[in-house]
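Below you'll find a set of structures to go through.
Shared chain: subunit A. Partners: subunit B in the first complex, subunit C in the second.
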Partner chain A sequence: MRFGIVAGMVFALLLLGQPVPDVKNRYPSPDDLAVSPDGKRLFVVCSGTDELVAVDPLAKSVAGRVPVGRVPRGVAVSPDGTRLYVTNSWSDTVTEIDAGSLKAIRTLPAGFEPTGIAMDGRRGTLYVANRIGGDVSLIDLESGQDARRLPAGRGASYVSASADGSRVFVTHIYPNPGKWRAEPESEITEVDAEHRIVASRMRLHNVGGVFHLALSRDGRLGIAAQMRPKNLVPLAHVEHGWALGNSIAVFGDDVGGVVQLPLDEIESYFSLPFGVAIAPDKSKAYVSASGTDEVAILDLRRLVAAARSPEAAGLANDLSASAKYVLARIPVGRNPRSIALSPGGGTLYVANRLDDAISIVDTARGVVTGSVSLGGPAALTAERRGERLFYSSKYAWGNQFGCANCHLDSTFDGLQWDLEPDGFGIDIVDNRQLEDIGGTPPYKWNGGNPDLPTECGPRTERYFFRSQGFRGGDLEDLAQYVMSIPLRPNRYRLPNGDLTPAQERGKDVFERTRKKDGTPIPDMLQCFVCHSGPYYTNLQLTDVGTGKPTDRSPKIDVPQLTNVVYSAPYLHDGSARTLEEIWTVFNPNDQHGVSNDLTKDELNDLIEYLKTL
Partner chain B sequence: MRHAMLATLLAASGLFAQDMPRYRWENFTTAQGLPDNRVYSVCVDGDRVWAGTDNGLALYEKGKFKVFTPADGLAHRAALSVTLDKRTHDLWISTMGGLSRYSAGRFDTFTQLNSGVANDVVYGASVLGDFVWVATAAGGSRLNTRTGEWSLYNERNTPMYEIWTYNVTAAEDKVYYAVWGGGVLEYDVKTERWKDYNDPDGETEIVLHKDEGLIHEITTSVSYVNKILWVATYFGASRYDGRNWRNFLDKDSGLPSNFLNQVKTIDGTRTWFSTDKGLAYFDGERWATYRPALDTGKPEMLVRGADGEVTHVPVDTAPAHNYTFGIDFQGDDIWVATAKGLSHGIQIKTGDSSK
Partner chain C sequence: MTVLARLGSRVWIAAAAVAAGALVWAATVDAPTVPPYLFTSAPRYEPQAWLAGRDRFPSGAVLTFVSGQRRRPLAPGFYASADPAVSFDGARALFAAKREAAGHWQVWETAIENGVPRQVSACDSDCVRPLYLPDGRVVYTRTAAQGSEIEILPLAGGKPERLTFVPGRYMTDDVLRDGRILFEYAGQGGTRELFTVYPDGTGVESLRCDHGPDRSEARQISSGDVIFSSGGHLARFASALAAQADVAQPRGEPAGPVAEIAAGSWLMALRRGPAGPFGLSVWNAATAQTREIEAPRGANAVQPALVAARVPPREFPSALVTTRTAGNLLCLNARQSKTPIAGEVSAVRVYTRSAGGAPVVLGQAAVERDGSFYVQVPADQPLRVELLDPAGRAVRAERDWFWMRPSEQRICVGCHAGPERAPENKVPEVLLRSTVPVKMLGDAGRTQ
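For the complex of A and B:
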């Protein structure tokens, strides 16, 4: 255990020790924000420039900048307003900042890819959701230690504490592991802050992708932004159906449980709901839609009434329901992420990630009254233009979804989809991650697209969006962006690049050419023959015996293995829930590499090595 | 009146018996909602009592049982052992079909197919910090809950010559495995080295060298507190203080049987034994046995003094069955897993006339 902690700290220090990249030519990309208790400062986390930006909301100007760790994602303000805490998702740390001087004070360890953060000021504890770890770090501020981990949902990402500090709630962006082709299951993890244990897990049935959540000041009402993927039915007739239900989960004593309510309207979808805020007087709530670039204003009295109504359980699939409680939808900037209210609730701040700006909304009038630029290059690069396209839902019929609805934060969604071009029930495919895929053509599991413009162009228009596709310069920009999506840091390699003894043994298994009895292994059954090169793929199609009767061809694109550890489930149709199952369940005849002569120890070693790729 | 009678009886039977804990036993069976009367394990978490049975996991709370089965996500119906992570209050349930974690209503299951655990037949688990140590029919396994890494311990990397690990206990400095047929395996947390303890007589059932080592190779349970190791075997019990061994047999101690399913020490001295002939307690000098009498089936409490004299303490209640699998503590009370039900021993305080 000590080794693990030390290695983690060394890893974090090494990442922190990296030279701070030149931020002048980078886009700030505000991701999260928080308001000081006196309302005089707005603290904005900029994942693109690795900094916390302090904003004077009255002057509508930047008041200061603090360099933090890599790719910061979340910020929390201490109840007394003297300290700020920023999660550094690529450094696996939290930066503690003096709010007055805007100086970084210390760096605290967290788990794998810390994202959302909340503070229990009474007990001096930070709650940090670790996306890759799928857990919550309880960081003790006195000792500075990541003292306890509590298991949360897969892709744990956002945290909110009740005003009295007694409860902390955590959401997660990937559905929890479950049976193949079953409805996605998610949860809101409720932590008892006094006892520092998980008190309950509020089940979110048919939900995959839960984002920010907010609680009313009296603690009786909570709202979480979420999506309801309809991935078990063919993604056909988008114009007739509903590919992703953009919705909220309403919970707490006011509603007596958890009720899912839609935000979509017929022919006007509210794509990728992300940020949530509840007015201090509990009259209204606000939800941002990061795909359709707007903020919805909800009437809480009507919302609670709908949630308590006898038909509440059926409302999640009722496209007319939102008319009961959505008062207005206000256009804001591109890709609005977190939102936060001023202490009195009169002003709403919206972090428009792809505009590098904060929208200021007068909540009484429901209008945008101003904006604060966070800087960044004036000119847009092709990649940035492509990123805007990637996150926009305006190309799909009815604004239903964009690339980012399934490739959450440019990753994946942990789901398997039945894509229409293949026919109904044919070629079920697992959603693949997009990190560093530029050098891995062809694309699609059947290798049907030789390059990214083909993958992202006419195919997307015809089979996904059903409306408007990406063409010409847009298509080039989009492909450019997708190719630029970087590889996240691998948490399983030792800081010095060495392999652990188990990983070393696993590497030997990966590279072996003979079975344990000395028999030569045919080339195509040696791991490193197909999984070769810098991305661990030979860019070919291969039949590894995992095809299903419903697949048109048993030949599968050899997937890249870089960061494969993050992207469960596995195989082309996602039928292997874990790396182990690839061989323990789906390789009975040694077609997917020779593995049946391995002991359990050796298979574990192989998996430990694969985690390092 | 009853109090006076009890005092008289105790006086007649030896005052020493008064000091041994006495209980009023409440027994629970399928009639009260247990999913099965064969209760392999019991685990107390505050006011909640968990029981691993042959047909599911049961939670006793506020006077009612709630049952969890594979339909709820439990790895297998036969829940052999239930372990509490005292930090998170998550449960680790060892079953005949894998290891399950129960956390606030959610089961996560680890099997030999979907994870790195050595084998699906899981007998026990013990939590030490962020590590979960697991005893399986194919050796020991350790899960690092922060990284997800599994480490396996078997004949290839430890002195274990028999891989059937039956029980594990982890404390801050040591981890002990009871290896069924292979003695005891010790892991030093600081040095990360393994050491084995074996019966100096080999696997024979004859004790040639009493107190010179482990009593027998067929070990079933280990308990380690205050740097004192207790070992249960099918042929007696052993106590090891790091220098000396002391062994206990039914013929020369108050153990009701040499066939032990579990040992659980409170402080290294005061220790409980689950045997096939009743539940036994040792306070360092004296022994007590709680059971339905072997001949009549009537409630029985026997106390054996340091001088070897055995006294019957009159009681009205007894655990549900002689065949006991394990115990756990709830304050002064005790819960017992038996072959025919779950038993709650409510301690009778001094001056209380209850029997």
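For the complex of A and C:
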């Protein structure tokens, strides 16, 4: 109870949007940026320092800073350039800022983990993608209310509005829930802005992880950055695009549907495509690769021709296709995230998150002409060095992927992988989340790795990267970073730390020692015996009857339950799509705790409690 | 080898004359703007002789180090020295050399400045074309009259390990930045094709799998492109392209390997006519101009190698369990191919090869509806896959043989799909049926 109260108080403070002290000793970590309509200002959200930074691109200097809420991730500029809107992903709010005075005006409510944001100026509506909520908030600027929620894809994260404001498109970073070991399915959610309804869900087959998207000014062409995971084929090697396909989804009237096109090459991959921008004259598009630290320049005429060609459907897995439309790759700073063009399209700005800087690219020449530092400590901590390694794809064969391609924004990817090096189709594993795992050894679902250096070092280079990986000091730094990944705020605890009646009842179920008929429950079948301690794990291996014939051992590492609500699917192989299925489908013999005497309502209570952990 | 023995000391004299001639010639030209380099000068250079089991330098050869106006034999005292490879720190060089005409070529290493050569290999046949690996080992080619093999050896010495397990003719070319060893393999008909293999012998495959024209003397440059000789010209493989592409090159007959001075500026062997000797020229692609910098009298100047530090390739972390005797091979869709398959595919048959070269059936397995199959095959033996129609007739047979190492886990997208084809993300039906491979381990062709 005391743990819940403290946590609730912490989250209540977060909800107030108060910046955490000691900002000057943190790294800015620019995540998103937007350009003012006159092109004279660049507005950059810095998720590391909880601020919006105004940049003078001509002087290449910082023009002002505005404290916002916790971990801001998105920024939008009103069409008239007078207002700025920043999503605060850990505060579940949007900060409205006067662009002239750089003063925060008001704080608007949003959903769980608001991330991307776009504005429909004509109707005075903000569209905010809520990552944990999996929906998009339609915030009415006149009333300041989160007036409507539309369901988007799981992990809804990025938004783009058409130039005429009639349509809004939303992407999401986790694939939508589906059958076990089925191809991952994602979508681009199209919103009819006039009627405020979902107009269509454009299917992205075999896609998991969709990031920024951009629309041409005439609204006829859209491009979204995406990944095509190869999680269903055994990861026996990396060459031939075996782990992930770094690609784009091209959609709109110009191509007559949705076409997936690769950005990778046979031996040189374009890892973790993230930011997208389309030139005003529709001649070129730009895509950042946040894993390989570069920006690709695409020829849109050739791109559309490829997307409309008879062989378009087969190009998604063709590593020689990008030569048809990629003109160049430009090296930029570390971990480039969002990109934005100047109003005329002559300059491209790139937010290099792990360099705390903005790259300025001359689009006519295709070269970086300058950089703007956003400040931050000059010295790198071990955690920061490790974070750079975590987000870099320069260790895997061909630079195909890094830790962050599967642990998206240091979380997970919602996928199950066939990683087993010794045989195919066995030991299928669900990707585990990384929040606050420092105290939860051993690692790996079978507990095979005693510590993070073992997990991230020899095992990773031998069976994932298939190339020289993290060693020595690099490995220590990486492990340090992984251990420092914090828990995201839990949205299900009351601000005062109390439990709701349902959560209280669920807690009683979680801690019960007798069945409803009074029969004692053996120790090892009581929830809180195995799921004990600060992380709700006893750090042991246990057979709870969920092993599959294709698993080499039925013993499973007891997983931590902190923030378990965010990390569906469940069980070691991801076969339970929901918490409820753990007991209703996968616990027929009460081997995974006694649950078969519980009613549907009692299981619901248990779930309500688990959501608070 | 016999011819060399007969030439005896006359070749020594010729080699000395070549070196002396180069020294005289050097004084007459402008100081080169290229960094220090090594090259091989040889009265006779027969780059394809190894395909017939003969010596590429039948009249001896001399490795020369050039730094500005300074030039000297890299390793005096050898009957022949060639095949230079510079260490990643630019301080040392590997090379192949033999003390006497009748002796065997061995791998040697020396410091480039003031070095005393140290013998690395102890081969009972010729060991040539050594290359540095980033993990402190050296890979080289062991040649003999009947064929050649690629081997690997710790620089400090030790037992060599074989990387090639199909009888044939191999020649090491380069170590790619991704850690793979690039080599030439002359298959049926003698056409050389570029292949790659990891330093533990796994993952052997054609670099582009296009069964194209003869390709040799390949080297990777800083852009990642692989530049090679093909049909008397240079050509390239680029990461973005599945097909061979042209490169800008001087008139005449250039020969690989090229040494990259800067982007678009290469030091290369070049001759004006097919019968003339090779000299070394600096080629500038931007100006389309060449400048000859080495033209030793009565000899060829070939095999340029810059003496400069460079970024080492990535190390390859091997996962092999060498005590095993078999590997697993999964094909996702045997029906997927760049070229048409001559019929319906319902089964796969795997062959090995007898000591005499005759195909020996290891076993046969069904191909699933989605084209997948999963088999276990013996390690370190020649392997070839053949697709069968419902009547048991072969509708597609691999042209070349390949091998798998002990415990190697290998997956192919299709039969002849090419490296540009990434897999479709789908659980192969064969793994839904069973995760146990069909065993084809050579026990009288019995299958399970």
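Quick note on the criterion: the second predicted complex is superposed on the first by the 592 of 613 C-alpha atoms of A that agree within 3 Å, B and C clash if a C-alpha of one lies under 4 Å from a C-alpha of the other, contacts with A are read in each partner's own complex, and residues count from 1 in each chain.
Here is the rule we use: a contact is a pair of C-beta atoms (placed from the backbone, for glycine too) under 8 Å apart; a residue touches a chain by one contact, two chains touch by 3 or more.
Quick caveat: nothing in here was measured; it's all calculated off a predicted structure.
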| item | value |
| --- | --- |
| Which superposed partner A:111 touches (first subunit B, second subunit C, both, neither) | first |
| A:604 touches, of subunit B and subunit C: first, second, both or neither? | first |
| Partner chain(s) touched by A:148 [first = subunit B, second = subunit C, both, neither] | first |
| Which of subunit B and subunit C A:59 touches, first, second, both or neither | neither |
| Contacts of A:379 with subunit B and subunit C, given as first, second, both or neither | neither |
| More subunit A residues in contact - subunit B or subunit C | C |
| Touched partner set for A:364, first subunit B, second subunit C, both or neither | neither |
| Subunit B to subunit A touching residues, read off their complex | 87-90, 101, 103-106, 108, 112-116, 118-119, 128-131, 138, 144-147, 149-152, 154, 156-157 |
| Subunit A residues within the subunit C interface of the complex | 181, 183-184, 206, 228-234, 236-237, 239-242, 245, 262, 264-268, 317-320, 322-323, 326, 397-398, 421-426, 458, 461-463, 465-469, 550 |
| Contacting residues of subunit C [partner subunit A, same complex] | 134, 178-179, 203, 224, 238-243, 314-319, 328, 330, 332, 374, 407, 409-411, 413, 419-428, 431-432, 435, 437 |
| Subunit B contact footprint on subunit A (complex, rising order) | 1, 4, 8, 111, 133, 135, 148-151, 176-177, 187, 189-190, 195-201, 203, 491-492, 502, 577-578, 580-581, 584-585, 599-601, 603-604, 607-608 |
